[in-house]
Each structure stands twice: as structure tokens, then as C-alpha cells.
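Across the two complexes that follow, chain A remains constant while its partner is chain B and subsequently chain C.
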Partner chain A sequence: MSRKKSVEEYQKTKSFRFWRWLSGSKDPYVGEVEMKPQKEPVYSEEISQERMQEKLELQEKVYDVEQNPLLRLFRRVYAISAVLFCIILAGVLLYMVAYLPPTGEADKAVNNEVPARYIENGLQETGAVNIVTGMILDYRAFDTFGESNVLFTATTTVLILLHVRKKKVEKKRKEDRENGLEEEDDRMYEPQDDPILQACASILVPIIILFGVYVILNGHLSPGGGFSGGAIVGAGLILYLSAFGFEKTEKMFTEKTYKYVSFGALTTYCLAKSYSFFTGANHLESHIPLGTPGAILSSGLILILNICVGLVVACTMYTFYVMFRKGDF
Partner chain B sequence: MNTLQIILLIFLLICAVAVSFTKSLLNSVLVYMSFSLIMSMIWICLESPDLAITEAAVGAGVTSILFFATLKKIHAIEVVQENKKQTEKEEGLE
Partner chain C sequence: MDFLKNLPFFSIMISMFSAIITSILPKKAAKWLNTVVIVVIGILSAILLVYLFGTGESYTFMMGHFPAPWGNEIRAGVLEAGMALFFCIIMLLSVIGGSKKLEADVAEEKQGLYFILMDLLLSSLLALIYTNDLFTAYVFVEINTIAACGLIMIRQTGHAIEAAVRYMIMSLLGSGLLLLGLCVLYDLTGHLLMSNIKEQVAVLVANNQYQIPLLCCIVMMSIGLSIKSALFPFHAWLPNAYGYSTVSSSAVLSSLVSKGYIFLLIKIIYRVIGFDVFKNSRIIDILFVFGLMGMIFGSLSAIRQKDVKRMVAFSSVAQIGYIYMGIGMGTNFAIAASVFHILSHAATKSLLFIASEGLCDASGESRRMEDLTGAAYRNKIAGAAFLVGSLSMVGVPLFPGFISKLLFAQSALQIEFTKMLPALIVLGISTILNAVYFMKASIRIYTPVEGEKRFPVVPVKKQGIYGVVLVVFILLNLYLGTFSQPITDWILQGLGMFA
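Coming up: the complex of A and B.
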């Protein structure tokens, strides 16, 4: 049975003293031991300068290449080993190239039944005239979905790293102006009105964006596809932005646009491909018509997937540039 | 391999070496841009136009623009401030 001690009794115990010492409310030496305040050591300027000089001399001796033979040796060995390492690495890589199978040989490992199947049955099964797009977005659509997600993740990371709050930047600019400091960052600088750039951009931007849309929509008929077309559209948007400034682009492209477009495109891709995976895995017949090869509305899901990938890539490129330039939409 | 491809490959090698040996960062980005353009031409010679379009758009276009933006951020490119010059001129006239 525990007994409750009174306060006076408790203050006599060792544990109370220990806690008092630990919490620092009472110093046990105060009043018991004689103490004097310590004097701060005073160094004259001569002594301090002497010491500085000694330190400098020592440093010079240690890091002076001519005086220190060990350092000289180390530098030489370092330089020689760096060059040797580079040469050996290049040699090993070139040596490995010699082991690659020569192109165009009939019995090399790459020429197995998989590409034969792609080349022979690709047009029938996917309906795409461009076999590359047929492979990327039909046989290996899961890989492309992963790629789009990688792009989305990259943009998200850039947003986390480079995003700045507009209010904070404006506050800092105000403080800088009041203190008479120059603005250090160019985040909020609008591009200057350059008549040559604007005249060129007003001609080029529609052509570039139209070409990008053409490359996206004709991905299953001609070379190109979602990724390259999206990159072209993104480049056109960047050119428009650097010619006409943020005010005009913010009317059509904001953070919300990015969010909805990327999310919508990725979800559409996921759902469309889930359908074909589901039907394929369960040996069901897909109800999406393949159409006549060569027509623009053909090859089943590939057109939709191309548009989705193109939208994601275009948004990614544009967002990268905006984040690097301004840090805010 | 025809002569055009050999010329392109030699240019590619020159560009690849020049990127690391140019002293100005801006110049090396420009050389890298030309590297991408030559690479896209080589892709066309190797009969893969899909890659050529992507290389031209991403390698020569977007990547170098991002490089320029970054170089401006770290003050590797000198920014000419026109307004400042004008005010200095006005002050000089007065």
C-alpha cells in the first residue's frame, strides 16, 4: 500500500532534490561554494595578427603544390587515373558494341516471332497503318500508360519544387522596393514587347500548333503520335507565351486547366485501356470497330489514346516552362 | 552508308566534343541544340521518322528552352535591361 507523503516530508527526500537540480530551479552550488565571474581573455591585436599569419603560412604550405611533394604526387596520380578511367570506360563500351549483333542478319536474336507477328498481323489486329503507333498504343499500351504517368509525376515534382505563392512574391517585391533594393529574381518579369518576335510568333504559332494537332490526330496513319505531337503543341504554346506575355496565356491556361486536362486525359486513357484489357483477358470480343485502315476514324482506341497522350505531354511541356520562368500560373 | 550519313556522323562527333569544350554555357546549349537537330536527321536516314519528329521537338525545342530559362535564373546570361539604359541616357542628357 502506498502512503501519500505531505509536502514538507517530500521536500526532504532525495528524489525531490534531484528533480529540483534537473529542472534547474535551484543550483546546488549557489551559496555553498565561493565563485568568481570568469574574466574574458584579452588578446592584443599583434597576437591575433601573428596567429592569423601563422595560420595562413601553414595553409600555404599544406596546399602549396610546389612545397608539398605529397600533394604534387596526389595531383599527378589523380589526373592520370582520371584520364585512364575515361579511356578504359570508353574502351569497354566500344568493346561491348562489337558484340552487338549486326543489323539485317536473319538469324539474330531480335528476329524472333514477336516482331514477325507485329509486322504480319499488326494492320489486321490494330487497324493502324503506322505499325509503330499500333505497337506503342495497342500491343504495349500499358507501357505508354506508365510513360504518361511518369510525365505527370515529373510535373507534380516540379510543381512542388518550383511553385511559389503569388502573395509571398508580391510581398517580397514590395519590401525590396521600400528598402531600395533591386529585384533579384525575374519571376514576375513580363516578357518585353519585342515587335520582331511578336510578328514572327503571330505567323508561326498557329502553324506550329496546327502541325502538332495534325501529328497527334494522324498518329495511326503517318509518322508521329501523341508524344511528338504533344511536344510540338507545347513548344508552340511556349513561343506564344514568350512573345505575348503571361496575361494573354493566363486567359486560356491556368492551374485549373492543367489539373482538369491532365487528370481527364489520364483517366480516359486508363478506362479505355482497362476495357480492352478486360475483354482481352477474358477472351471476350471487343465491340470497338477497327474501321477501314487509312481512314482518320479507324483503328479503334488508338486515336483516343493518342489524343490523351498528346494532351498530357503538351500540358507537361508548357507547365515546365511556366514553372521555370515564373513559378506560378 | 552513303556520304551524307558519314558527313552527319562527323558533325555529330564534332558537336558532342564541342559541347564540353565551349567555355560559355550559352554556346554549349546552342551546340547541344544543333546536336539534336543532326541526330534527328540521322534518325530520318535510319528510317525512323517517328523518333526524328520527337527528337526535333523535344531535344532541339523544349529542352534547350528550359536550359535557357535555367541559365537566366542562375545569371549565366546577362539580361539587358532596356529601361535602365534609357533612364541613364536621359539623366546624361539633363
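Coming up: the complex of A and C.
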């Protein structure tokens, strides 16, 4: 059984007051407790003029380097101590290097069972003739996955910083022109049609890109791999862009291309490696054939992973260049 | 092998994969995916924690077909699983609490990118927590650094970009030192796996070989990580980075990113260098002194601030000082106190950032202290939350800040006199200084404005999810402050598994 209270009685209860305070209809302090709120000080004309004077003096005497000997001294001491600090740090590090174990000795700590297995069993276990590739894409594939995600993170950050929508820029340009102002944004103007560059590029670009593809695809057979090959392909794309301008590259490489290519490559990498990690950790058969060492289709997942890494690196390099040059694809 | 042992691997891969998927999603879907992923990983970590409490021992997990010194390896114990769970909770609350502000602060087309960075940050934090390999740790430190820069500068104001550049320079210096230390350590021991390095270091110390490079690499790694987590003389990047970024970023940066590095340092102390070797190298004295200085100078700078967010940011410098003081005391119990302070500071500081955002919004987007007068009446939940945060920071009983101060004082009593006395004195001074600025701010927001009301009252019912987040934060703080015994037991058990 609940007791029914009259309205007057209810208004005296604490819960009613709390709800009133919570809903903001009445402030319990106002009119009840003497409160002296903090006010901003009011300055008279004279004082504010004095303040202005002081501010000007301050600017002249304190912040002006020419006038303030103390600041000058501080800057000099700061510069000297910065240089000293660097010299001391370099000295300490050199001192330390002198005590490191000498390179090239057979009984050095780094020549232990870890590289021994990479060198002796690398070919059988990973199927890759190039041991380095076998190491980074099979033995330590998790690190390499992290590394390609570093590139992905870096591209995302550069997109945040530099990406400007082309439509916005063009709208601004149009407005500027209509208002008779000088155009502030000159990022749409491009140096165009340099015959020497174009002639060189038309010969070089196909070779560079083909060589990059070769380096990527042969990553498990010869020196190279996704990172270096991707960088070469990216360089080829950048040369092509510098020679022929955005009108040509837009036909094949837009924001969508970047998005879907890097999405596809990273997804493939992630899923393939998750499968391999999962089977490896749970001691399951992975059913991925290693093939004959030396053949182009061999070494299990490494070829696919190299292609993925290569695509990510090429896209990243090209996107960086485009972002720094124009801000949109 | 138990299927549940796969959970750390699943959590890292899920968060990375979600970042990759987010790159092609529209921003609404990106936000939902981010929330779902954090919740899922939180649940997975909770299950793992329960499982590990059941088995009572840590385990290693092979990433791939090759065993540890050749392949990669991750490792999970109760401390790792609990940390992952806690980080997920804080990140979830911070992201949801700041989501409304995010829409106002960040350009429409870039909001999707924000969630990519958030997912990547989560994955890197998880990898830092679980890794058993120093080089893997370095790779994920890189992801963490770049993602944190992006989170600061996504609010593209001059201040934020300047802060991001400053953060990048300092943070890269820290990464560089960490990498140098790691290279030297690899040269001396020939291993990258934590447990193998520890064995080799013990051999080197026993034979008294290579003492100078070993000392240099301990110094470089600990200074590198303390630059990245804003220990006192290296804190110059902190106030602007926390003060001018969008509120979710400041909450996540202050409570998770810097704590991830400190956790890595603790891991290096226990699992790479070895606790005794680290203690005997006098670097812990330096960390101790820097920590004490940070506790005082951080608070002194916070008192001078006229901008509420910068004040909260400067108080982080002081709190990071507490954590390093605990590490510098060099006992197991003191490090447990530091780990507890990591938790309590993370819970309280993200609460303070999100609450102060609400107070600023109720004062016409102004962050100046004068305009905040009476803000707690205009936005009551935010006012109450700010009060709770302040009380916790000052160290009032019932709140987590009290427990961590108590633990620090207890551990100070167990060490030698020359360190006990400064630790206790500075702890006292710092508490008073904390009280000065936090109580000043709390009194200011609870002082009624006389006469004409300049800003409208934000009704409680209209706050929606923001209010819910603050209430959950308050409950989390009360939980940490009142049920501290099981948590300290858990930390001590986890640290025991480290060795």
C-alpha cells in the first residue's frame, strides 16, 4: 500500500527538490544562501590606458630581440646548449659503439641458432629461394603485416592533412574570378607539355613499371620483393604523372582506385595470413603447396603476399606524391 | 590446445581487419563498425581473463607455422587480458562520449578516416599489450605514433596542427631511441624474443661482459619510452596535443596511448632486461627523480592555466610523474601501485576531458575559466562528473585516486630511507597542489551566476548518450575506488606471471 501525499506535502520532500534542481526550474542557492559570485574586474579608462602602455612597452622591450639583451642571451645559450647536447649524445653513443662486440667474428651473439635455421632450412620450410623474403613473409609475417599497416596508417594521416576536394577548390576559384580577386588557390595549375620530359618518360615509364612488376613477382626467387618493387612501380607512376599531367592519370588512377586497390591488397594479406597463423598455432595442416623451389609459382603464400605488399607500397607512394602536389587525385 | 587461447590473436586481427574494411565504408557505417569491434574485443578479452584466472598461468601463442625464436609469438597472462579489457572499456566510452563533438570538429568527409585511425590505434595497443617480441613491439609503436598524430590533427585548426607537429617530433625522437636501444640489445644478445633476451642478458651480467653498451641500451629504451609517455622534462608536446584536439582524441591519448607505452616499459623491465638488472642500473633513480619533479612542476603549471582543458592536460604531467615515481621505487609492490595508477588515471582523466567538454559547451564553447562560472548548473551531469573526476585526482576516499596514493605511500614505506622521505614529502605536496587547481575549478563551476543568465541550461533528458557515458564513467570510477582489493590482487598475480 502506498501512501498518497498531498501536493503541498510532496513539495516539502527532498526528492521533489532534487528533481526541481535537476530539471533546472529552481536553483536552491539563489535567494537562500548569500553568495558572492566571482566577477570580472572592471577597469577605468586610466587603468586600461596604462595597461595598453605597458603592453606596448612589453612588446618593445621584452619580446623584441633587438631591444632585450636577456632574451638575446637566452637564445644564444639555448642554441649553444642544444649543439652541446647533440655533441655529447653523439659522443656517448660513439663511446658505446667502441665497446660493442666486433663485427664479423664467428662466435658473436647474433650468429646463433636463429639465423642458422633461416639459412639451412629456409628453402625447405618456406619454398623461397630468396631467404630474406622467406624470413619477412613467412617466418616473421606478422611483423611485415604490421609494417604494411604502418604504410596504410601513414596514407590515412596524409589524406587527413592534405586531401582537398577538387570541386571545392574549383568553386573557390570561380568565386574569386567572378569577384575580380586574384586567385588564391593555384594548385590546379600545372606545368604542362614539356617535350623533353615527355619523350624521356614515354621510353622510360613502361620499362620502369615492367621492371617493378618483375621485382615484385620474382621476390621469392631473386633479391627484391614487394617493398622494393612497389617503390619502383610507384616511381614509374610518378614520372608518368609529371610528364603527362593529371588529365592522363585520372583515367586510370582515381581516389576509388587507391581505395579499392589498397583495400583489396590488405584484405587479401590479412585473410591469407590469418589463415596461416590460425592453422600454424593450432597445429593444423595448412594445405598450401610450396611447389618446386625456383619456379615462379612456388613458395606457397609468399608470391601472393609480395603482390599485395607491392600494390600497397605503389599506391602509397603515388598517393603521397599526388597529395603533396595537388591535394586530390 | 584450447580454442580460447586463440583469443588474443583474434582481437589483434579483428581490429586491424576492421581498419582495413573501414577505408571503403561510409562514415556512419564506420562509426558503427568501430563500436561493434571495440565491444567484441572487450568481450573476447573478458572471456580470456576468466579463462586465465581458471588456469592460473600465462601461455605463449605461435603466430604462424614456426616456433618462437624463428617466428613471431604473442603471450597472454591475466595482466595482459585485463589491460586489454580495460583499454576497450575506456576507448568505447571515450569514442561514444565524444562522437557528437566529433561531428562538429571534423570536416564531414574526413570523419570516416577518424575511425580507421581509432581501429588501428586499438590494434596497436593490443599488440603492445600481448607481444612477446621486441621487434613486433617496435612495429606497433610506429603504428601507434602515426595514428596518434592523425587523431590530434584531424581537427584542422592551427593549434591542433602545431600540436601534432610537436607531438610527431618528440614522439619520433622517442621511437628512434627505442629502436637504437633495441638494435644494441640485438647485437649483444642475438635475439628479439623477450624471454631469450632475458636469458642472454643474465649471462652477460653474470660474466660482467659488455656492461657499458648494456647500460646505454637500458637508458635509451627507458628514456625513449618516457619521452613518448610525457614524463616531466619531455612533456612539452603534451598540453597542446591534449588541449586542442577533439575531445575523443584527448581522452584516448591521455588515457590509453601514453599508458600503452608505460605498459611496454614495465614489460621490458620484467621480461626483457630483468627486474634486478634494471634495478641495479641506476636508471631507476633518474626515473624516480623525474617522476617527483613531474608531480610538482606539472601541478604548478596546471595551477597557472586559464583554459580548463589545458589545466586538465597539465595535470596529466603530474599523474604520469606518479606512475614513474612508482617505477623508480624499484619494488614489485611499487610497480603494482603504478599499474593501479595507470588504471585509475585512465578512468579519471578520460572522464575529466569528456566532462569538461560538456561544461565548455554549456558556456558558449568557451574554454576560459571565467566563462565556466556556474557551468555545473547548466549541465548537471557534466558538473557532477567533473566533480567526481576532481575528487579522484585529489585523492579523496571512495575514488580511485585515493587508492593509488595509498598504494604509493605504502610502497614508499617499504624502501630505503633516502627514497622514502622524498617520495612521501612530494606525494603530500603534490596532493595539496592537485587540490588547489581541481578544487578551484570545481568551486568555479558550482558558483551560481547572479543576474542575467548568459547561457541556456542544457536539460538532463536531452543529453542522451553523452549523459549515459558520463554516468557509466562515474560508476567505473566508484568501482575502481571501492573494490580495489581484488584489482590489486589481480595486478600482483599478473606481475608474478611476468617474471
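Note that in this section the second predicted complex is superposed on the first by the 236 of 329 C-alpha atoms of A that agree within 3 Å, B and C clash if a C-alpha of one lies under 4 Å from a C-alpha of the other, contacts with A are read in each partner's own complex, and residues count from 1 in each chain.
Operating definition for what follows: a residue touches a chain if its C-beta (ideal position, glycine included) is under 8 Å from a C-beta of that chain, and two chains touch if they have at least 3 such contacts.
Source: prediction; values computed, not measured.
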Exercise for review: Would you sort A:V129 into first (chain B), second (chain C), both or neither based on which partner it touches?
Suggested key: neither
Point to revise | Partner chain in contact with A:L301 - chain B first, chain C second, else both or neither | key: neither
Practice item. Please work out whether A:L22 is in contact with chain B alone, chain C alone, both, or neither, and reply first, second, both or neither. Key: second
Review point. So, does A:L137 touch the first partner chain B, the second partner chain C, both, or neither?
Key: neither
Point to revise | First, second, both or neither for A:A201, with chain B first and chain C second | key: neither
Review point. Of the two partner chains, chain B (first) and chain C (second), which one does A:I216 touch, if any: first, second, both, or neither?
Key: neither
Review point. Can A:G225 be said to touch chain B (first), chain C (second), both, or neither?
Key: first
Check your understanding: Quick one: chain B or chain C, who's touching more of chain A?
Key -> C
Check your understanding: Can A:V309 be said to touch chain B (first), chain C (second), both, or neither?
Key -> neither
Practice item. Would you tell me the residues on chain A in contact with chain B in one complex that are also in contact with chain C in the other? Key: none
Check your understanding: Which bits of chain A are touching chain B when the two form their complex?
Key -> 130, 132-133, 185-186, 192, 215, 223-225, 227-228, 231-232, 234-235, 238, 317, 320-321, 324-325
Review point. Inside the complex, what are the residues of chain A that reach chain C?
Key: 21-24, 27, 29-30, 35, 37-38, 40, 92-93, 95-96, 99-101, 108-114, 117-118, 125, 138-143, 145-147, 149-150, 152-154, 156-157, 159-161, 163, 165, 259-260, 262-263, 266-267, 270-271, 274, 276-283, 286
Revision key, fill the gap. In their shared complex, chain A is touched by residues of chain B numbered 48-50, 52-54, 57-58, 61-62, 65-66, 69-70, 72-73, 79, 82
Study note, to complete from the structure: Given the complex, residues on chain C that touch chain A span 1, 5-6, 9, 13, 16-17, 19-21, 23-24, 61-66, 69-72, 109-110, 113, 116-117, 120, 123, 127, 133, 135-136, 139-140, 142-143, 146-147, 149-150, 153-154, 156, 161, 180, 184, 186-191, 200, 210, 212-213, 216, 370, 373-374, 377-378, 380, 444, 447-450, 457, 459-460
